[in-house]
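Same chain, two partners: chain A is paired with chain B first, then with chain C.
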Partner chain A sequence: MKKIKPWLYLAPAILFLGFFMVYPLIDVFIYSFEEGYNSASQTFRGIGLYNYMYVLRDPYFIQALKNTFILVIITVPLSTGIALLIALGLNSIPKLKDLFQTIFFLPYVTNTLAVGLVFMILFKKTAYSEGLVNMLITGLGGSAIDFMDGPYWAKMFVLCFYTVWIVLPFKILILTSALASVDENLYKAAKIDGTSRFRIFTRITIPMISPMIFYLIITGFIGAFKAYSDAVALFGTDLNAAGMNTIVGYIYDMLYGNGGGYPSYASSAALILFAVVLTITCINLTISNSGKD
Partner chain B sequence: MSTNNDYLSIEKKARRNYLIRNIITYTLLGIWALVVLFPFYWMLLTSVKSYGSYNAEYVPKFFTLSPTLQNYVDAFTQVPLARYFGNTLIFALITTAAMLVVIVLAAFAFARLDFKGRNPLFSLFLSLMMIPNELVIITNFVTITNLGLRNTFTGLILPSITSVFYIYLLKENFEQIPEELYKAAKVDGTSDFKYLMKVMIPICQPTIVTIAILKIIECWNSYVWPRLITDNEKYFLVSNGIQAIRENGFGRENIPAMMAAVVVISVPLIILFLIFHKKIMAGVSRGGTKG
Partner chain C sequence: MKIVLDHLTKRFSNRTKGLDDIIAVNDFNFEIPDGKLIGLLGPSGCGKSTTLNLISGLEKATSGKIWFGDDDVTDLPPENRGVGLVFQSYALYPHLTARQNIMFPLQNLKGKDKLTKEQMNEKVLEAAHLVQIERYLDSKPNQMSGGQQQRVAIARALVKLPRVLLLDEPLSNLDARLRLATREEIRRIQQETKLTTVFVTHDQEEAMSISDMIVVMKDGIMQQIGRPQDVYDHPVNLFVAKFLGNPPINVFDGKIENGAIVIGNERILEIEGPEDQEVYVGIRPEGFIVDESGPFHVNKKQIEIMGRDTSIVATHPNMISESIRIIVTLDSRDELPSTVGFRLKPGKVEIFAKDTENNIEYSVRESV
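After this line comes the complex of A and B, so read on.
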């Protein structure tokens, strides 16, 4: 009795994790190699790399890959940089820090799908109204742009902007607490020595919080590679038609939806995504480790 | 005399620099606060503009003199918003409650009970944290479909009942309770389960509440799994609901009514956040990530 009791406490967790995490993890590899899998009859033709070939040649996948990479390359450095500036600002002001911090965190708790519609309306240009953002652009002397159905870069701009808006709260929070935990005495010592503010920043602040910056860059890359619901919020469920699909969007489209019913293609695409994310994470870790020496 | 003057002027200059720096910082922070808050203001504003007046505005107005609640009436009568709302509430509460049971039991076993293979098993659990959801969701979708659980609450809830991260968080918290307390209870003949219920859970209540709030937020915002597993409007959650409303909601493009629905969906979380913002931010900074 005494021996099995711990396992009784653990049984629910083990059962759920086994059934919904470990088994699927093995299964996804099997799916990805089963050629011509038919989900209705649950039969397949043979084993091989055909699914990977199919996915890598699919123009929709190439488009999704391109979109995701552009999104990652733009939003990860931009959001980390802005978050660092805001966190530095928050830590230097004498009053209202809590209020600003609470406001800045607000996007974290909102429904991505719902608030995305507000962004869509702000940027959208319709027959009867140019929308608020275009009003500002024309007010400043520019010409109106159709952000939601117009040129590729305009749509990408909206997607990047919304992504940054969504991911900033987390980064600001982490960096603000990292900055607050830097030992005050280091700054005092530097001040006594008459060190310039810029030097204090590059020689004390940055080295002290660099582990957190690297943590944010790594999780930022992982999160940005999985972008999907932000794009749906802005451009609707048919992302291929909008030319704004992401890798994760491609996986779900293959699984279910208009072009769906192909778990094998979805599995191959998911494993390709996993390989990409793993490679990038390893590169990031190598860079952050070499920086320590 | 002149050195004294120099000193004063240096101090004056330093104070002026400090002031200027503060003004710039406050201005920039204020601008970003505006960027964050503006979408919320805009959805609230649009939701009280009447359909006619909204569509008549070629140049959008920043205020309205004749607010109306008609859009909210439309949102609740013309589309099944109340049902989406209720579904999400049921989904969030049941999932969170079930998850709490599972993780409390597991965390207790890892924190206090001695058994063979405890540490390897815990390492195995931790390694599961690295598995991205996108990899396992494919098989889960097929499994739930084969079990005939599509368009049911069971199918929606089952895969999100466990969270390795929260087991880890709670285990760390449980371990902070002095072991002497456990031994004393053992001497008194208290059973493990009673000790867990009467001592550990009350002591760790703050952490458990934080976990519950974070999980409710996660459930409220979940989109991908509900989208895969439900295609019957009767089981839509708010995220899918708002997407359905957008695509074929009011029979015509009724943006003010759509914004009313967006407000209704956003308000519960904003209230939760305003009440618990300290807890939520502390919980997230301890290692939560989005979604």
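After this line comes the complex of A and C, so read on.
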């Protein structure tokens, strides 16, 4: 009787997680090795690594992988750095801190697609307008750039800009509270000892909030690798045509996209993404742990 | 380094509109002699920490001046005053080892004061030796006990050879046993370094035990400054009398009448000097001598024997406090009657004016 009780208490969670997390995970794993799977007849020809070979050779996947990596490498450090600067700024204006914190937090509660629309207005060329940013560029004497349908770097720039902007609020929030939780006496002690502001920042502030910075970097990496909706909000659903697909976008396309119906390829791509995220997270954790001692 | 506070005042504007400013430190005017250990003593909110912050430079004075020797440091920022400050919470940098913590102030030195690595290490070892924490130099603060952390904090304050050492409630985060040891430690370090040291405490026993001088404060106003025993023996007012001493002084409603201190209808002490008036009478717990034929009687409530002390807890119709505590030495566990008679030691009886609560001087009339 004693042995059953704990399992009874755990049963709802185990059943729920089992159905919606563990089973699909195992299923994805199996799918990824089933060659020539036919979703209509639910049959397959054999078991092997063909799906992986296919995905890794698919130029659309390579493009998606490249896009995702560029996005991760640019936006994670940039957004964390900018968030830190803004958080430091906020902390130095205690009177207006709450007001600005609220303003900075607004993008976080705004719908992704609504933000995408705003970016359209900023960047998209239409029959009637060049877009706000282009008006600025031409106003300053430059020549207009087609951000949404133009060169790859321009589209990438918009995507990165968008991603940084949308993840900033959360990071600012986390970092302002991290900064506020640093013991005031540490700063007083440093001041008495004549520590320069730069040294206070590098030797006290940064180490004291480093757990939060690492948290933001790790979750930032994971989040950026899983980016999809941002690209859709900016470039529409046919991301392959725009050349702006991401790994998750590729997985989605394989499942439901134009024609769709390739769960095996989607599963392989998902597992490749999983392997990449796992590797990067392990590297991150190793770095953050080695910084501790 | 002698410290002089010259009409020092610190006023905080009240955040709630319409309320008066808070005067944390009101017209402080005293001198701390060179090389002495001074205790700033008072209940919480009396302005003692503010005073310390003014001396350290973390707070700017509203008016008045602070002198370190012949230097006017009133407008100097903390780093140029040459003070070492030990915080109540120690404020050690948690991510640095004890060694790195102690070295931190040295690494700030610039220009001609800049030290080489070897010089720094030497100074760190010297400071660590002084506070006896050499063994823990490579531990992080969270691996050390409260007492060890505090020694590190003191070493960090001392390593840059300050002119003045300031300690904010240095003992209040330690447990009782450690507190005794640490206060002697602070005394030893102070005497070895001969630094003018100011420490803040709300614990009168702590202040009395190690200070060369104590400054008693209340509501931002300095009450009395002097050697601990002098202040204890001659408190200037009722507040100081009540604040010093454990158990506290027993206070009664009384009066001066026909050359005697009278409580109720008993003439407890024949005196000369003051005119007839209503007064508060304070009698130290150790000022009683059991004497059946003595002039003063109280109602015994219970006897508490704690080690060498026997205290009689008693009541009296004219007492101001909840009960009276009397410390006596009883050789045999004498059965005391329910009403106990006492003679009083004259030096242990103080009288205070009803209106100002200031001490009234008197002399004892020798009985013929």
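FYI, the second predicted complex is superposed on the first by the 276 of 293 C-alpha atoms of A that agree within 3 Å, B and C clash if a C-alpha of one lies under 4 Å from a C-alpha of the other, contacts with A are read in each partner's own complex, and residues count from 1 in each chain.
Please note the rule applied: a residue touches a chain if its C-beta (ideal position, glycine included) is under 8 Å from a C-beta of that chain, and two chains touch if they have at least 3 such contacts.
The structure displayed is predicted, hence computed values, not measured ones.
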item	value
Touching partner for A:M156 - first (chain B), second (chain C), both, neither	neither
Partner chain(s) touched by A:I137 [first = chain B, second = chain C, both, neither]	neither
Per-residue touch tally on chain A - higher for chain B or for chain C	B
First (chain B), second (chain C), both or neither touched by A:L122	first
First (chain B), second (chain C), both or neither touched by A:G194	second
Partner chain(s) touched by A:V182 [first = chain B, second = chain C, both, neither]	neither
Chain B versus chain C as contact partner of A:I204, first or second or both or neither	second
Intersection of the chain A residues that touch chain B with those that touch chain C	none
Chain A residues touching chain C - in the complex, by the definition given at the top	183, 185-186, 188-196, 199, 203-204, 207-208, 210
Contact set on chain B toward chain A in their complex	21-22, 25-26, 28-29, 32-33, 35-37, 39-40, 42-43, 46, 55, 57-60, 101-103, 105-106, 108-110, 113-115, 118, 121, 125, 128, 131-132, 134-143, 158-159, 161-162, 164, 167, 192, 217, 220-221, 223-224, 227-228, 238-239, 242-243, 246-247, 255, 258-259, 261-262, 265-266, 269-270, 272-273, 277, 280-281, 284-285, 288-290
Touch list for chain C against partner chain A, complex	56-58, 77-80, 83-85, 87, 89, 91, 93-95, 104-105, 107-109, 156, 160
For the chain A and chain B complex, residues of the former touching the latter	3, 5-7, 9-10, 12-13, 16-17, 19-25, 27-28, 31, 39, 85-86, 89-90, 92-94, 96, 100-115, 117-119, 121-122, 128-132, 135, 165-167, 170, 173-174, 177, 219, 222-223, 226, 228-229, 232, 236-237, 248, 251-252, 255-256, 263, 266-267, 270-271, 273-274, 277
